[in-house]
Amino acid sequence: MIDKRVTSFEQALAGIEDGSTILVSGFGNAGSPIELLEALVDQGARDLTVVSNNAGEGEFGLAALMRAGRVRKIICSYPITSGSVVVDELHAAGKIELEVAPQGTISERMRAAAAGIGGFYTRTSAGTRLGEGKETREFDGHPHVLERPLKGDVALLRAKTGDRWGNLVYNMTARNFGPTVAMAADLTIAQVDETVDAGELDPEIIVTPGIFVDRVLRVPRRA
Amino acid sequence: MGLDRNQIAWRIAQDIADGSYVNLGIGMPELVADYIPEGREIVFHSENGLLGMGPKPPKDREDHDLMNAGKKPVTLVPGGAYFHHTDSFLMIRGGHLDLCVLGAYQISEAGDLANWATDSDKRLPAVGGAMDLAAGTPRVVAMTTHCARDGTPKLLGECTFPLTAAGVVDRVYTDLAVVDVTPAGFVAREIVDGMTLDELRDRTGARLTAAENPGILKAPALGHAAG
Amino acid sequence: MIDKRVTSFEQALAGIEDGSTILVSGFGNAGSPIELLEALVDQGARDLTVVSNNAGEGEFGLAALMRAGRVRKIICSYPITSGSVVVDELHAAGKIELEVAPQGTISERMRAAAAGIGGFYTRTSAGTRLGEGKETREFDGHPHVLERPLKGDVALLRAKTGDRWGNLVYNMTARNFGPTVAMAADLTIAQVDETVDAGELDPEIIVTPGIFVDRVLRVPRRA
Amino acid sequence: MGLDRNQIAWRIAQDIADGSYVNLGIGMPELVADYIPEGREIVFHSENGLLGMGPKPPKDREDHDLMNAGKKPVTLVPGGAYFHHTDSFLMIRGGHLDLCVLGAYQISEAGDLANWATDSDKRLPAVGGAMDLAAGTPRVVAMTTHCARDGTPKLLGECTFPLTAAGVVDRVYTDLAVVDVTPAGFVAREIVDGMTLDELRDRTGARLTAAENPGILKAPALGHAAG
């Protein structure tokens, strides 16, 4: 029988290795798997490469993982948010590598990894500093850069409800990167507000089919 | 002495692990779903946008908006989900399925698969999702009779029919044997009771070796009801 | 005010020109916009290129459009279904051009057109007759073929419910190609079982956002 | 004599046709939503997965799962829809929006846009969705003061700051003028009341011509309430 629901952070994060590439959902705090990220500090994996739209804020969630010195490199589109102090400090101290890429390119590169696409051409970043060094080719009169898939060893994401088979639904704009990171990693771990049995989610409204999800952990929503 | 199609399906079903995500090709492979051992939960994928495909419904519950890749009415099991075609082929091409079971005209010792066109084909060419499934799925097994009706071997040194994908087949289940495709070529894991390795070689169009302790390929007698 | 609902086949199909490329939803008859295709015969556009997974069956829908001599070329993955007599006849008589391509490649090429992707690399069809003549390149040890976007002038599709803004939801596996063709054409026309006002569809379950849809026509579902 | 930021937003809003799909960049462009003329239904897109963005909610109805690209709480209007980030950028990159309004550090006479980094930037580099929006949207307009605070022109022969995208800006709305980017370079369509073309040229770092009958750039006095 399939039951992807786990009952502890230890089970949820078991097996994540040093040096892993971790894809993280969220846009700001909406949809960010804050508790999973904090539990990853206890889990102990080091030398991580994190892919996340933002680079954490305050001292919680992703920022806590970075503060604990576990993140070697972060790939993001927008590391500046109000309160993004940890990334600022670590970067100034030379303690973290930062790679900034266009938001749609990061997202599409993860989808390419999910979809078995070996590479794709996009106009985004062509002729700019972020397109420098990338193979450029003209299609339909416009230069396009070649982008390669961005695959994760692990995805950590937050959704609203998960069922026994790992099917997920989300809440409003907290959906954001969740469905994409879920598809693009070898091991996908979701924290959800609530878990249900298989068949309790309407099959027409499932956003992330369970085939993409390995473990589902209920983490009660903070008030 | 060989297995019938339901028995080949039964044999394949025994090898599918609990919790697997599986696509069954149109036609003979569809039979595999009927023989999954009790207690295993298998999620069947249909390329037209469905995970969690269940058995065909009773006549009076058929709905032509709920069909499988063979365009036959099916059902959805609890936990199933609908999605659109591009997401369905993202799953296929991206290697998210564990296994697909495909019919075959020919399989080469390098694992090349030919299952979408023959040179004598008088029908229009039609590939459907076969190339995506063959190229994208981590484990591809072929389900076929060991030889064509005219006795020509289907396991060959090289395929003569147009390829579906090169170097993708992991295992072949036939009426006569279970044959792995390995870097050293075809290796028989099981041979049907009463047949020698040499007799199997006579029916195989490529070099064939046997595993160290080849098993006997067998399946229970299966009534029409299950098939 | 935005109101994409139209009330006649004439309004729905107005402006479709000779020589257009028409993307058509449906897998077999499920999700096929049968009535729109038949109304296109009356509309009169000729010399069409049709992209559709199958090539029609019987004498209705797409088959009726082909029988009327309006389709110059069809791009599909699987022209053979029980009763696909019209395509057989026309092809044997040299009256229609047929291009067969892998199902996932057709689908992904339409998505690429929708997503502003200039081209993508896929393993599908590499080393096969259908990959011949295509640029081939190795990524991660495997040959990939370059595929270009497949854009429609027009998309014709069938959905279950459409609202005033053109948002669409579908019914079970009749969803199939609908969401993809909707995104990939300049003019997208949906036939739906029912129309509703904006706000009547739950924003969490909308499958095709109205931005992709130009016209919505209610066509009562046949019993 | 120039327009204030609310007045520039008002002026931009007058040009947005009923039924348009529009993305407003973070910061000053967000003000445009407040000045859409009565009777026009505009669908606002937010890159984080939202079409049909409405005004900010009252404090007690804020939900941090419903925010805009600037990470501020918003609402959804009837007809709105949620979707994931990759679909959101499919919309952007695929040219499905009609218009985006972006802030700008510099705009070149060839329509190059620089709005994501300056060379003196002490902050971390941060591009967000700016390059996708600039490269993908059929009509890109820039909303900016005509000159930087130190008086340096922002409309230039060539940008000196890192580009967001090359050759994409169609029109620039500033406190002093409405300027089209054309194959013949910058063309002033409207100039603020009391300013001559020569005076505007003094504040512009590239060749500037005027349309045949340039209009007067004006906007009503706008209270704080609306902004």
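First chain written, first letter: the chains are A, B, C and D, and each begins at residue 1.
Just so we're on the same page, a residue touches a chain if its C-beta (ideal position, glycine included) is under 8 Å from a C-beta of that chain, and two chains touch if they have at least 3 such contacts.
Quick caveat: nothing in here was measured; it's all calculated off a predicted structure.
Contact tally for A-D versus A-B: the pair with more C-beta pairs in contact is A-D. Looking across B-C, A-B or A-D, the interface that copies C-D in more than half of its residue contact pairs is found at A-B. Computed centre separation for the pair subunit B/subunit C is 30 angstrom, with centres defined by C-alpha atoms. Measuring from the averaged C-alpha position of subunit A to that of subunit B gives a distance of 35 Å. Chain centres here are Cα means. That of subunit B falls 56 Å from that of subunit D. Subunit B has residues 76, 82-83, 89, 92-93, 136 in contact with two or more other chains. Shared interface positions of subunit C, i.e. residues touching 2 or more other chains, are given as 108, 111, 115-117, 122-123, 170, 172, 203-204. Taken together, the chains touch in the following pairs: A-B, A-C, A-D, B-C, C-D.
Only residues 27-31, 53, 55, 77-82, 87-88, 91, 98, 100-105, 107-108, 110-111, 122-130, 170-180, 207 of subunit A touch subunit D when the two sit together in their complex. In the complex of the two chains, the subunit C residues touching subunit A come out as 108, 112, 115-123, 137, 139-140, 142, 144, 148, 169-170, 172, 202-205. Taken in their complex, subunit D has these residues touching subunit A: 46-50, 63-67, 71, 76, 82-86, 89, 92-93, 117, 123-132, 135-136, 162-166. Against subunit D, the residues of subunit C that register as touching in their complex are 1-2, 111, 113-117, 163-165, 167, 183, 197-199, 201, 203-204, 206, 209-212.
Note for the complex: subunit D touches subunit C at residues 18-19, 21, 39, 41, 43, 45, 51-52, 76-83, 89-97, 136.
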